[in-house]
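Chain naming follows the written order as A, B, C and D, and within any one chain the residues start at number 1.
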Amino acid sequence: MSEIRVTVWNEYRHEKKDEKVAQVYPRGIHGQIAAFLEAEPDITVRTATLDEPEHGLTEKVLADTDVLVWWGHMAHQEVRDEIVDRVQRRVLEGMGLIVLHSAHFSKIFRRLMGTNCSLKWREIGERERLWVVDPGHPIAEGLGEYFEIPHTEMYGEFFDIPKPDALVFISWFQGGEVFRSGCAYHRGKGKVFYFRPGHETLPIYYQKEVQRVIINAVRWAAPVAGPYTDLQNCPRVDPLEKVSIS
Amino acid sequence: MSEIRVTVWNEYRHEKKDEKVAQVYPRGIHGQIAAFLEAEPDITVRTATLDEPEHGLTEKVLADTDVLVWWGHMAHQEVRDEIVDRVQRRVLEGMGLIVLHSAHFSKIFRRLMGTNCSLKWREIGERERLWVVDPGHPIAEGLGEYFEIPHTEMYGEFFDIPKPDALVFISWFQGGEVFRSGCAYHRGKGKVFYFRPGHETLPIYYQKEVQRVIINAVRWAAPVAGPYTDLQNCPRVDPLEKVSIS
Amino acid sequence: MSEIRVTVWNEYRHEKKDEKVAQVYPRGIHGQIAAFLEAEPDITVRTATLDEPEHGLTEKVLADTDVLVWWGHMAHQEVRDEIVDRVQRRVLEGMGLIVLHSAHFSKIFRRLMGTNCSLKWREIGERERLWVVDPGHPIAEGLGEYFEIPHTEMYGEFFDIPKPDALVFISWFQGGEVFRSGCAYHRGKGKVFYFRPGHETLPIYYQKEVQRVIINAVRWAAPVAGPYTDLQNCPRVDPLEKVSIS
Amino acid sequence: MSEIRVTVWNEYRHEKKDEKVAQVYPRGIHGQIAAFLEAEPDITVRTATLDEPEHGLTEKVLADTDVLVWWGHMAHQEVRDEIVDRVQRRVLEGMGLIVLHSAHFSKIFRRLMGTNCSLKWREIGERERLWVVDPGHPIAEGLGEYFEIPHTEMYGEFFDIPKPDALVFISWFQGGEVFRSGCAYHRGKGKVFYFRPGHETLPIYYQKEVQRVIINAVRWAAPVAGPYTDLQNCPRVDPLEKVSIS
């Protein structure tokens, strides 16, 4: 069991501006996610936030990160493009990326997907039920056939994303919508997992099943020691076989 | 059989600078592609090139385009980002996009894929054989189990693209490489097809099988009159069912 | 617009045994499906049923069929294995197959999928809402972003099928479940589409949106004139290139 | 690192009938595969062969198997259908299955795929080069961007299989063909990996890269402790939400 080095990134604005949010997440959303991740024996965690220099995502930090967890909501536009470039490059080189909830509209997720990543939403605290539709996927480990979130923000289709390489969860909502809530992608040498649950004013990251999924996703997204460290250029190569042109 | 309005876009620089290219494609690469497309009864064609105002891709032109064919090579960086934004938006709204050969490294293809789209290459005029690996796909219509290009530039794996939604062709090269040469994607409401063959100094767009594939791809990529005309925003929606929160 | 020759196959037992079913479908379920299909200018229809010789699916009938529509429920086990073999062979050769509702548990669908094709179910006449999750797919043509079936039998996940090559619809049910309701597959040279709606005692095949989907699916599944007419054997082949073994 | 219990199944006929094969694989092909697998600290191995009672695949053996490796060639038809049923059921319940080389035409692989699994072949001892086309996939761990097999039997497209859930390798052959050589599938709760290399008279299972792939595939295919132990039936279920029918 090799160590997985996780960086949890959070915009960290709601918590500082809104007392209600601060009460739910006194350590910040990143602090809560870091807490349950670092309780795992194979995971070490650091955090980074928007208002740190380089948003806390220096070349050094990213070089030392196996899996990056990303939460953002109100300040997507403040993330600098050069940092988005840097994160994208690291993902394509092999770093895992776990994109949570409202980060569907983050620059980095939209960049990696190539689509709008738009969706429908509603906040009335309705019930959500996440159904497992790929029960052999490692991200479903330890779960039952579904789990519920008692009070949630609704996200509804059409969710403008590329077809997932694996679709792990589909959500049901009381108000009548469905949503592809757990979407796994291979991109370059890296892996990306979008997971819908989470909200700044609801204690969703304290729920055991949600934590289980994020822990599983971190393990699934950890880099593989495979080929190709530089995919940025197009090298000219010599033939591997003798070629005679007629 | 409804009419499909195609715009063939070409960088159109090689032809103007290099006499050898001009001899192979006296009408420009776009002119040759337009010629075989407009011989089809259901296709009407216009062309557009880099050096025209707005690269020939005004809002009006794109609004009147069902499928855009894209060829570029030496001047990818000169394509203005606002035009790339515009084309991306139209693809996600439903316009088809056929990306040819060296346009793997165009801004628009990299934008829509979210990856580097890098590959290996070599120019020694070796032989390529394209094998059909999805024989029921409409883009394979009218082909045999493979076809050959007698003299070609080699493109080799790893090709840094998302897993295709359908993989139609795999190429074999004399020098020892393989390549995913026909890659189909759904993105938003639109469709994208990457097709490898083509080169400025080789008469590849005069070859019947290559023309057959591009014609098939245009028909496959034509828009479907389905739902969702605006995917750019995330609307708040009312519940479709009566919800009581407990 | 070339003609598509459709055969609608129905088990045709419920209608003969149960007056309530006969009232909803006086011509049989096959008769009703045939009726709306043959109103289309490019589709010609014949029907076939379980109790005919060879279940109405002789070699001749199948050879003359471009797309086979399949409805069965109570008598899956009475379908003879040699007819299942024959239909499977024709699908792999290029014939389209549209599998409706309770035919998820038909021998032919299970054969082509390789999985159990099991699911959960309930009959209380609840509401279903089918959301389009691939709006550029030809099977979604002419639809809005969702459509409802006012009273339906529920089918719930986990639906034990291979990951669809394209997932077109996801259903929401009042009772709390979701379901992958429109699943498209390429198999051999042929295409298979599973579509959930339909029931013997509910007038679902009279609903316009349901008819629209089945018509679209027939067109999508029609054979492509591509390579490979015999896929049953593994031929030994000579090299296409000169090989020197060292 | 939890233990993975592997059963290596071999038809074991060539080795007994053909001295040349016995010289290459004196312990049988299963013996050689077992040998390199059991050198791994997390893998324990048993073997089973066609001529044992129940082909060595009793209910007990399968219940104690996490991953089954399958090699067969000349006696596919002698595998009894009830054993095929049993293996299929266990795969759908979660057991991994690694299908090697000529086992593309085994009953169990064809059953799980639902297609012919036919291909082209030739035995002249030509060179094969396997290119990694999904470098972040765990099955590619420890490999370079390609590896070669100096003398091999050729397998060529069209390979009549469903589109892989992940395509890890594409082979290049001297004689001019390509082949999808590493194909990963989720089926039910289980995982299936088809890997092309291997032959009874060539020492392919002594090659390090080939061993690396099989070891990686075993780890990837090991069961996940997720939901659903019985997928064979379609249970009627009560609603999870209060439903009022109007």
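One rule holds in what follows: a residue touches a chain if its C-beta (ideal position, glycine included) is under 8 Å from a C-beta of that chain, and two chains touch if they have at least 3 such contacts.
This one's a predicted model, so the numbers in the text were calculated from it and none came from an experiment.
Chain pair B-D has a twin interface among A-C, A-D or C-D; that twin, with over half of the contact pairs alike by residue number, is A-C.
In terms of the distance between Cα centroids, chain B is separated most widely from D. Here the spacing of chain A and chain C, counted between their Cα centres, is 36 Å. One simple way to say how far apart two chains are is to compare their mean CA positions; for chain B and chain C this gives 32 Å. In chain C, the residues that reach two or more other chains under the touch definition are 129, 132, 134-135, 145, 156, 158, 163, 165-166, 174, 176-177, 186-188, 227-228, 240-241. Residues of chain C touching chain D in their complex: 88, 92, 105, 111-116, 118-122, 124-126, 151, 154, 156, 158, 160, 162-163, 165, 174-177, 185-188, 227-228, 231-241, 243, 245. Residues 129, 131-135, 145, 156-159, 163, 166-167, 170-173, 176-178, 180 of chain B touch chain D in their complex. Touching chain B in their complex are the following residues of chain C: 1, 94, 129, 132, 134-138, 140-145, 165-166, 174, 186-191, 223-228, 240-241.
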